[in-house]
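What follows is a single structure, and I will ask about it in a moment.
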Amino acid sequence: MIAMRTILSRAAPVLACLGLLGIWQVAALLLNTDSFPTAWEAVRAIPSILGDKESLINILASLRRMAIGFSLAVTVAIPLGLTMGRGRLVASFFNPLLMVIYPVPKAALMPIIMLWLGVGEIAKILVIFLGVSLPVIYHSFQGAKAVEEKMLWSGAAMGLSAAQRMIRIVLPAALPEILTGCRTGLVLALITMITSEMIARQSGAGNILFNSLDMGQYDTVYAMIIIVGAMGIGLDAAFESVRARLVKWSEPGFDIPLSFA
Amino acid sequence: MIEIDHVSQVFQTAGRRGHLALSDISLEIGEGAFVSILGPSGCGKSTLLYIVGGFVKPTQGAATIKGKPIAGPGPDRGPVFQEFALFPWKTVLGNVMYGPLQQGIRRAEAEDQSRRLIEMVGLKGFENFYPKELSGGMKQRVALARTLAYHPSVLLMDEPFGALDAHTRTRLQNDLLNIWERDRKTVLFVTHSVEEAVFLSDTVVVMTRSPGRIKQIVNIDLPRPRRRAELLLDGHYQKYIVDIEHLIDDTSEEVAQP
Amino acid sequence: MNPRAAASDVLLGIVPIALLVAIWQAIASFGYAPPALLPPPGAVFMRLARQLGDETFQAAIAATLFRLSVGFSIAVILGVSIGLAAAANPTVNAVVRPVVRVLAPLPKVALYPALLLLLGFGHQSKIMLVAADALFPILLSTYYGASMVEQKLIWSAMAAGTPRRQILFKVVLPAAVPSILTGCRIGLVISCIVVFLAEMITSTDGLGHVLVTAARTFQAVDMFVPLIAISLLGLILNALLQGLRSWLLRGFPEV
């Protein structure tokens, strides 16, 4: 009985995927218009996209941009967030700035950034960098703030310098929260990347989506949606398993990331 | 009036084993009696209250009220909880009026009744306050008024004064007795304070620690109305407390032995 | 107390803005950037003020506001209903939970081309995209708020004579309002962001479209104007929501 329940709960997301695809299939058959191919037709178009050299290069370029933007953001944002969490002055300095930048859609800055930096990799990576930084800074900040004073006092008593305390006490203690921020950042990286590619079209998955739209290749459009969706789900699942292993000593958090564009 | 017949309660815990909270409780509670259920933490006394209230179904046995089996909560058995459980989105008046409105009483009549009740519990003037603006003692008065508003035949009180400081607690004990004297409802009162149990009740049901069983039922033969100042100096009152505390100590030690 | 609370929220929101404007002005004044790329704040705000009197710009604001409001409202209605239903009914929960888990990490903006195909290039596609993005935080916060209602509140209501089927609306929903409003706040921010982005990607009107048009003609000032406009719009809407929140939650202890 309990085994059955565990199997069901593990299988549930897969069942949900299949269910959604099923609903899509039925709806498409019912609507019967060109602009809404069935799920099966879309799935069948996937191998041709992945097999096409040009498309594959585009998609990998997207992923690479995402990776660079994400890594840069994390490298800058985590130390910044941690420092803000432990230093009042630093926090008061950056907080207002961040609060203003937060609601601005980073992808919307694309045209302005392109004006400054021209079209190309840097503009897109910068936008992704900005998009990812904010949640990571915020969560690192919260995580560092929540570290118990007493732990740090013990560290100081043991002769650790401020820098050492930061690395050896604050960082591990704040790690669960930091990783939650990274998870949100990862989702945002994907969203920002796709959106900026849709806005400034040269290459990438977003570009493929709209190109096929313009050229009337509707199967490709929907197939690309599935691919992007799979990327999102896959990246999130991969990150989640790494995160769970790194911080298995901590409380479980929400299993669904609350994120925004 | 209330019959508890061989009730046992097993709770499923996280590990597959069940936890026996109550073991074969049988008890009869007469109409108009003020009965305390007394015992150490974890002895299942709240659970017993919840079973009578119909909030929890016993895994074994059954409880009846006036012959009818208890199948769920109802306005004949009104609870008062330690955490107050007031509706935060309603004012004091709104909270107290809730029950009567549910019963279908017209708004004007319900408001009238509620205002009188609020005055009776000593909160006149606070009708439009929200629970968050009240102290613990005041919140509990509202909770009491809210329950009395739908005229239950039984009051189920789950350590109602446990979250209050000592001074507020004694005041509320007095006020509770004053209110109770008016119509002498049946009261089931859960507490871990021996003094409180003896002061308030006609009967004290002493329970063992988990799994909870009835150790002994003690009849409190003290005259009413009960005055704290008098009783504190009364030898009978003191003896009841000493005896019952002794019972409880025995109870606690019972399981402590290897 | 309520107008004061709302006013102080607005004031608190202004401080960081003032700071950013100050930094902006500093960068422009000190000549770190050519005015063609980073026009001084004065120029931008003057242009914004003039644009606000312009009919075409007003129409753009109206279009954006319309789409974002409708999309947000759909997200609220759907999100709260589904969230409550999932909290109240284990079967609904068993179906909804895995579906939400699958769909949550999916960038909804990837659906935009499909929406364009199905609903055309007008209001509907943008409204549905806004709704799709704003739905999840509202649904989740409703669900968590409703599932964590204090048991004794429900018991008190039942003892007072509330029939089981009314408990959801009389107790669970009011008790979950704080959580729901938090989700709505996130949803509102998302709505503002998504509508703007959707208009940038393809549109014939709206604030996002204004930015893209200005980009094509390399008019820096005209690019900043709609960006500031949507930010201000978001701030105003957020302040309104906060005001509503203060009023609705006047009985609740501060969280």
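Note that the chains take the letters A, B and C in the order they are written out, and that residue 1 is the start of every chain.
Throughout what follows, a residue touches a chain if its C-beta (ideal position, glycine included) is under 8 Å from a C-beta of that chain, and two chains touch if they have at least 3 such contacts.
Here the structure is a predicted model, which is why all the values come from computation and not from measurement.
Novice: Could you tell me which chains make contact with chain B and chain C both?
Specialist: none
Novice: Please indicate which chain is farthest from chain A, where distance is taken between mean Cα coordinates of the chains.
Specialist: Result for the farthest chain: B.
Novice: Hey, how far is the Cα centre of chain B from the one of chain C, in Å?
Specialist: Using C-alpha averages as centres, the distance is 47 Å.
Novice: In whole angstrom, how far does the Cα centroid of chain A sit from the Cα centroid of chain B?
Specialist: Chain A and chain B have C-alpha centres separated by 53 Å.
Novice: Round to the nearest whole Å and give the separation of the Cα centres of chain A and chain C.
Specialist: Roughly 20 Å, centre to centre.
Novice: Name the residues of chain A that each touch 2 or more other chains.
Specialist: none
Novice: Provide the residue numbers of chain C that touch chain B in the complex, in ascending order.
Specialist: 150, 152-153, 155-162, 171, 174-175, 177, 250-253
Novice: Under the definition above, what is the set of chain A residues touching chain C in their complex?
Specialist: 12-13, 15-17, 19-20, 35-36, 95-97, 99-101, 103-105, 107-112, 114-116, 187, 190-191, 194-195, 198-199, 209-210, 212-213, 218, 221-222, 224-225, 228-229, 232-233, 235-236, 254-261
Novice: In the complex formed with chain A, which residues of chain C make contact?
Specialist: 15-17, 19-20, 23, 37-38, 94, 97-107, 109-114, 116-118, 133, 136-137, 140, 186, 189-190, 192-194, 196-197, 200-201, 208, 211-212, 214-215, 218, 220, 223-224, 227, 230-231, 234-235
Novice: Looking at the complex, which residues from chain B come into contact with chain C?
Specialist: Against chain C, chain B makes touches at 53, 55, 72-75, 77-79, 81, 83, 85, 87-91, 98-99, 102-103, 130-132, 146-147, 150, 152.
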